[in-house]
Amino acid sequence: MTDFQHKSSPGLTHLDGEGRPRMVDVSGKETTFRTATAGGRVRLNREIADALGEGGLTGKGNVLRIAETAGIMGVKKTPELIPLCHAIRIDGVTLSCDLNAPEQRVEIRCTVWGRDVTGVEMEALTGVSVAALTIYDMCKALSKDMVIEGVRLMRKTGGKSGDYEAEGGSEDADS
Amino acid sequence: MTDFQHKSSPGLTHLDGEGRPRMVDVSGKETTFRTATAGGRVRLNREIADALGEGGLTGKGNVLRIAETAGIMGVKKTPELIPLCHAIRIDGVTLSCDLNAPEQRVEIRCTVWGRDVTGVEMEALTGVSVAALTIYDMCKALSKDMVIEGVRLMRKTGGKSGDYEAEGGSEDADS
Amino acid sequence: MTDFQHKSSPGLTHLDGEGRPRMVDVSGKETTFRTATAGGRVRLNREIADALGEGGLTGKGNVLRIAETAGIMGVKKTPELIPLCHAIRIDGVTLSCDLNAPEQRVEIRCTVWGRDVTGVEMEALTGVSVAALTIYDMCKALSKDMVIEGVRLMRKTGGKSGDYEAEGGSEDADS
Amino acid sequence: MTDFQHKSSPGLTHLDGEGRPRMVDVSGKETTFRTATAGGRVRLNREIADALGEGGLTGKGNVLRIAETAGIMGVKKTPELIPLCHAIRIDGVTLSCDLNAPEQRVEIRCTVWGRDVTGVEMEALTGVSVAALTIYDMCKALSKDMVIEGVRLMRKTGGKSGDYEAEGGSEDADS
Amino acid sequence: MTDFQHKSSPGLTHLDGEGRPRMVDVSGKETTFRTATAGGRVRLNREIADALGEGGLTGKGNVLRIAETAGIMGVKKTPELIPLCHAIRIDGVTLSCDLNAPEQRVEIRCTVWGRDVTGVEMEALTGVSVAALTIYDMCKALSKDMVIEGVRLMRKTGGKSGDYEAEGGSEDADS
Amino acid sequence: MTDFQHKSSPGLTHLDGEGRPRMVDVSGKETTFRTATAGGRVRLNREIADALGEGGLTGKGNVLRIAETAGIMGVKKTPELIPLCHAIRIDGVTLSCDLNAPEQRVEIRCTVWGRDVTGVEMEALTGVSVAALTIYDMCKALSKDMVIEGVRLMRKTGGKSGDYEAEGGSEDADS
């Protein structure tokens, strides 16, 4: 904690006592290894689920590969998009978009890790959101009845606030 | 339709017949006035809903104003985030983040409009997503049990595919 | 004026009646040819003025050419930097950084023009600001006693609000 | 031609008579339909050509799909990368990365089209360059002996300067 | 100092001996804690000062909160805007825009801090400039007679060149 | 190596076993001092070579200075352009564009260095590519018969994979 950091609103650390935005002071925090996994899904209709499902034969699975690429690039744009987010060192990212054809949805998972003084939760959540938007964009000529749902943090490790696991377990939380 | 446009995958217009990505040809489309409204919400817990609710007195409502600002800036970043999206002329944007304290959620609406040859749906959906992520970021010190839900197109007008209204009406669809 | 545009705060058109930010509706405005010239200056000390003045012989004048390049690129970044600014069509940009050695300052002028429904004032002002910051950056190893001053609109033409000329004439306003 | 445009260096229209950079005046030019096709290639060694060639079976062809996605996104970043380039309306983009296994190279083609007052050559060339760099990045763990070659304009149509066809025909020019 | 660093122009370290731009070598510099505070102001007329002054009651103070948000985002864009600036680790940012109604101006202060091998002066100055431009944008419908003035470094600490305090003291320098 | 890293395609480390893109795990790698030099050239015709050659007298040499500036800014944009590239700490950049008038080409060299866990090869190659595109843009009014050639890594040092020197020596490889 330095003297650059003024008294904050209780609980809302991104505002000072007068409601001004600020990028919170992380200069007193230690560099540790941190990970975060976020999840989400795009609810499809039957027509879109079928179109994506033919990917194995005709390359349509590429919709999901392009969304994964976009999501990883989105991870890197996090501090540009979220006003008070720190730019942090990222050691790796995995992002998967899996068609669940019977349930008519694409399940998205994004894991980000790195060694820095603040966490990578926003990066993982942004990766999921950008992947979901990309799927929406590529399928919207078929139908606009898609919904992006359940975008949330599933698990994080590292940092002072300790580990976190979404209620119900990270596997079930999606249903 | 120009001869630059090759045969596409049936229904998935962003892929050509071999599964390659492409930015779809809009050169044959007419400039018309187009609008799109997207919605979404951030589910909070009680503690966060209470903290945001004190805004009138202490400036904490600024969390929502900052999220609105971020969302509008996110609208302008849409073609940078979504790989195959065209950059289009935007005539105006409104974006609102409203605390629904009893239901413990923030309701987000984003309307984008402009005169161009392709629609503004992705812009409206991106605005909602970036606003939602910003709220998450600013409240996550209190709790990480937030979920971004129901991000979807509520209504669009203009363009060849005609007007669209989400099932159940744009007002109810959020519940 | 469309029905997407709600009642605004009197005079502060970028806020609606409840203080929310918005990108103002320009859908009812006509495309016209618009120009804007902004000016500003960087006040130097003697040492920096002398170092820049040797440019003719040793290539140090390149500091000013690099600042001009940065300023023109800054013009294009205006809608990314200014939250509620529309992205507009730009037909051309000139930007000059001239050393006034006796007065120990660099004079900056930026003119932007284009045919669109809203003006290019912010583009011209942003060009001047980014050029000024670039000069500061490249000279700060010599001294940090520089000041960016007098950044203002000097003249605009086109648009409903009509032509504008800064008081005192665009030539004198700088002194 | 407006009076905003000063005398230029003969032939080098991006510099004024004193060597300053400027974004050239296009306000007197007519909106026409314009296309540009650029080409280029990445020379590989045998090991990389073999690894990419297994794509049909194991998904490694995805390297080329990811490079195509990156190239299309690169097209949209052209005015951010090239200092004096105008941002223009793009109606469509196709970009292909094809493995030529016997010749041990990836052939890249990018076609961009749109209706605007200035051409899309730089967009097509930037798309090829970014796709080539992406292939380099994804294969460099195997070998660093790759070379990006033959990046050039193959054909353009539209605009005052008329149509252009690279010498030797656009098909042969690559060899 | 490595052998990558060639002889520079005396005093203008961002140019080599032949006038070429370069990003200066910081590989021999130590990581230390660094801070910088920059200031500036936007001179208003009476009408704008009055409009901003009603903020307490009607939310118009939000103009200043939005400008603060834009300024903090601008801090993060510094290495994109200033050609030869290093991207550095930022530990925190505060930025305030205060209406001085009697003097008809908004006073801007931006403090940036971090642990890195080079300073944060440009970040603080860029934050002030972007906040000032945002205020200009949001108030320009009322009057274009605003001027951005006195943008300068007020104080820095850390680094080899030692601490710096603007002449006259950081408090008075603004008048 | 963490458990976040799944089995990869043999040799193509940016794809996992199912062909998904990922940002490769560098969390187990050590911070070392790394350098990379890339080279390339723009082949001109006689008219352009002559126009650039008059730079000493009339400031046209500025084309090359502007291209160097753009190239250095391009270095910083590498992780935005190349989907799976890590953002890394850069300690310095030099970039030179030299007219070889007799051979009718501009020779480009870019050296990047820094202390990080992964290399700077892509940064150096991107710098060369963006500088080459900028030269193309500024000279294309004279002729479109330019070709960007020989963009390749010439030398790298540092990192686990050890030092690399392009075959034929970094000096000759360009011919």
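We just call them A, B, C, D, E and F in the order they show up, numbering each chain from 1.
One rule holds for everything that comes next: a contact is a pair of C-beta atoms (placed from the backbone, for glycine too) under 8 Å apart; a residue touches a chain by one contact, two chains touch by 3 or more.
Predicted model only: the values in this text are computed from it and were never measured.
Chains touching both chain E and chain F: A, C.
Taking the CA centroid of chain E as reference, the farthest chain centroid is that of D.
Greatest Cα centroid separation from chain C: this falls to A. It takes 120 degrees of rotation, in steps of 5, to superpose the Cα atoms of chain A onto those of chain E.
The distance from the centre of chain A to the centre of chain F, with each centre set as the mean of the Cα atoms, comes to 31 Å. Each chain gets one centre point, the mean of its Cα atoms, and the points for chain D and chain F are 16 Å apart. In chain E, the residues touching two or more other chains are 19-21, 62, 65-66, 69-70, 73, 77, 80, 83-84, 87. The set of touching chain pairs reads A-B, A-D, A-E, A-F, B-C, B-D, B-E, C-D, C-E, C-F, D-F, E-F, using the touch definition from the header.
Chain A contributes residues 62, 65-66, 69-70, 73 to its touches with chain D in the complex.
Against chain F, the residues of chain D that register as touching in their complex are 9-15, 18-21, 40, 47, 51, 58-63, 66, 69-70, 73-74, 77, 80-85, 121-122, 125-126, 129-130, 132-134, 136-142, 144-153, 156, 164, 166-167.
Across the complex, chain D meets chain C through its residues 2, 4-6, 16, 19-27, 79-80, 83-84, 86-87, 117. On the chain E side of its complex with chain A, the touching residues are 33, 35, 65, 68-69, 72-73, 75-77, 87, 89-96, 111, 113-115.
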